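Some structures to go through are shown next.
First chain A sits with chain B, and in the next complex the same chain sits with chain C.
Moving on to the complex of A and B:
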C-alpha cells in the first residue's frame, strides 16, 4: 500500500498549507532583513530620548500609549471579575489530591526566589526587558506553585482587594495630577532628565506607573488562578 | 549560523503545531501548544525583541497553558 492512500486528504492539504506558509514567511524575511530605512520605530526611538528611559518599549507602552494601558488593565479586571462570578463559591473548597513531599519542600524553597525575580522584573522594567505585566504574571505563577503544593493555602482576599483598589485608584490619580500640572492626562510631571538615563530613579512617573500595573496584574492573576484551581465538585 | 537556528526553529514550530492539532487527547494537545510558545520565544529573542520574548515565555507558554489545563479539568473531559 502506498503512502498516498494511507494519509487522508485533510492531512495532505494541511502539509501543503504549512509548506506554502513556510515559503511565504522565509521569502518576507529574506527580502526585509537587509533593508534599512526610516520606519515608525525610528521616529519613536528619537522621541524616546526626551523621556530619559533606557528601555524604549516601556516608554511606548506606559507613556506614548498610557491610556491604552489603562484600558488593558480594565479589560484584565473585567476578565478576573467574570471568572470570579462564575467559579467562586462561599463554601470551603480544597483540592482533592494530596501533593507529595518533593513538591511541598521544593515549593517552600522556590517561592521566595520566584517572588524576588518577579519584583525585579517589575521594578527594573524601565531599564531592562520586562515590566509590570510580565512581573505580575511571574508573581502569580509563584502563588500557583503554593496553591498546588499546600492544600490549606488561600490567597488572602482582603489584601488582594486592598492592593487592587490602591493600584487602580493611584493609576487614575497620577493621570489626573498630570492633567492638572502640565495640561496632559498621564503627563510626565516629575523630573526626567536625560542625563539620568540608566539609573534606577529616572524617567519621572514611568517606573511608578509600571510598578502600579505590576501590582494590579499580579493580584488579578492570583485571584484568577485561585478561582480556577479551587472549586467544589458539587456546586 | 543564526540563519540555520532560525530555519530549524521555524520548521520545529510548524511540525509541533501540526502535531498539536492532530492529537486525540486534549491534554497532549495543550502540552504541544506550549512547545509552539517556546519556539516563538527563541524566534522573538533572535529577532531582537527581548520584551516580547519575555512576555511570550511568561504568558504564552506559561500561564495560559496552565489555565487551559485547569479549564480542561473543570470541563470533565477524560484527558
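Moving on to the complex of A and C:
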C-alpha cells in the first residue's frame, strides 16, 4: 500500500467547484464596486442639513429610518424575552466562580466612570460618534462588572421593567404626536433650527429618541447579561 | 516604497479579499466544528466579514466620516451615511441572534449534558 492516498473524485470535484465559485464572487465584487455613480447618501446628506444635527448617521438611523429602528428595538426585545424564558427560573441562581479582592475594589472605582461614559455617549449621540445603542451596551458592560465582582448583586427587576416599558411606550407616543402635529409618523415637531447645529439642545426630537433607544438597549442588555451569566439549579 | 498601499483601489482590493478570507474562515469553522458554541462563534465571524465589506466598499479617498467637526459648516466631501446606519442595525440584530442561540445551547446542555451536534439523537426514531 502506498503512502500517498488517492483523493476520491467527489472531493476533487468539490474543491474545483468551490474554487470556481470563489473566483466568480471575487470577480463580481472587484468589477462592480469601482464606478459608484451618484449615491443615495448625497441626497440624504442634503436633507440632513435641514434637520440641524451634526452627526448624519444619527439622522439616518433615528429620523429617516426611524420606523426601522422601532422594529429593530422590537427584535431586541423579543430576543431578550426569549432568553429570559429559556434561562430564567424561580429557584436561586448564582455565579459559581469566586471573585478576588482586586476585582471587588476596582469595580467599585470603575462602575461610576463606566456609567458616566455610557450616559455621555448616549446623550451626545447627535453630535459625536456614538448614540443609544453604543451607550446602552457600555452601561450593560458596567452591570456585567458588578455581576462578576459581587455574587449577591442582582439587577433590580422592577426597575428594568419600568424603564423598558417607559422607553418603548414613549418611542411610539413621540411618533404618534408627530403624526398628529405634522402629518408624519416620527415627524420632527420640536424646533430644530440650523443655527443651533452643534449645540447640545438641537435637532428637535432626534436626541430624545436616541436617549430613549439607549435606555431600552441598556436595560435589555443588562437582563440578557444577567440571564446568561447566572447558573440556576433547576434540573 | 509602500505608497501603492495608499491608493484607493489597493485599499478596496484589500478590503474585498480580506473580508472574503474572513468569511471563509467562518464558513470553514461552521462546516468542520462539532461544538455548538463554536458553531455560533463561526457564524459571528462570518457576520463580521460582511460588516467590514459594507463599510470598506463605501470608502472614498479624501472623504471623511459624515459628522460635522472642527469648524465645518457643510455636509460636503463626506462618506455615505446609509451603510453605516445599515451596519449599526445589522450589528444589533446579529448580537441578539447570537445571544438567543447561545442561550438555546446552554439550555440544551443543561437538559441533556451534550454539546456535540453528532450526538443529537433526541428527534431520531
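Operating definition for what follows: the second predicted complex is superposed on the first by the 194 of 235 C-alpha atoms of A that agree within 3 Å, B and C clash if a C-alpha of one lies under 4 Å from a C-alpha of the other, contacts with A are read in each partner's own complex, and residues count from 1 in each chain.
Please note the rule applied: a contact is a pair of C-beta atoms (placed from the backbone, for glycine too) under 8 Å apart; a residue touches a chain by one contact, two chains touch by 3 or more.
The model shown is predicted, which means the values in this text are computed figures rather than measured ones.
**Q** Give one of first, second, both or neither to describe whether A:144 is in contact with chain B, with chain C, with both, or with none.
**A** First partner only.
**Q** Using the superposition on chain A described above, determine whether A:25 touches chain B (first), chain C (second), both, or neither.
**A** In the superposition, A:25 touches chain B and chain C alike.
**Q** Just checking: does A:180 make contact with chain B only, chain C only, both, or neither of them? Give me first, second, both or neither.
**A** A:180 contacts neither chain B nor chain C.
**Q** Where does A:11 make contact in the superposed view: on chain B (first), on chain C (second), on both, or on neither?
**A** Touch partner of A:11: chain B, not chain C.
**Q** Check whether A:162 is in contact with chain B, with chain C, with both or with neither, and answer first, second, both or neither.
**A** So A:162 meets neither chain B nor chain C here.
**Q** Touch test for A:130: chain B only (first), chain C only (second), both, or neither?
**A** first
**Q** Given the touch rule stated above, what does A:113 touch, chain B (first), chain C (second), both, or neither?
**A** neither
**Q** Give one of first, second, both or neither to describe whether A:79 is in contact with chain B, with chain C, with both, or with none.
**A** Touch status of A:79: second partner only.
**Q** Counting residues of chain A touched by each partner, does chain B or chain C come out ahead?
**A** Partner touching more chain A residues in the overlay: C.
**Q** Touch test for A:55: chain B only (first), chain C only (second), both, or neither?
**A** Touch status of A:55: both partners.
**Q** Which residues of chain A are in contact with chain B in one complex and with chain C in the other?
**A** 22, 25-26, 29, 55, 57, 87, 129, 131, 133, 224, 228
**Q** For the complex, which residues does chain A have touching chain B?
**A** So the residues of chain A in touch with chain B come to 11, 14-15, 18, 21-22, 25-26, 29, 55, 57, 87, 121, 129-131, 133-134, 137-138, 140-141, 144, 221, 224-225, 228-229, 231.
**Q** State the interface residues of chain C toward chain A in the complex, per the touch definition above.
**A** Touch list, chain C to chain A: 9, 12-13, 16-17, 20, 24, 53, 57, 65-69, 74-75, 78-82, 84-85, 88-89, 91-93, 96-97, 99-100, 102-104, 106-107, 110-111.
**Q** Mind listing the chain A positions that touch chain C in their complex?
**A** Touching chain C: residues 22, 25-26, 29-30, 33-34, 39-42, 44-46, 48-49, 54-57, 59-61, 65, 68-69, 72, 75-76, 78-80, 82-83, 86-87, 128-129, 131, 133, 197-198, 217, 224, 227-228, 234-235 of chain A.
**Q** In the complex formed with chain A, which residues of chain B make contact?
**A** 6-7, 10-11, 14, 18, 22, 50-51, 53-55, 58-59, 62-63, 66-67, 70-71, 74
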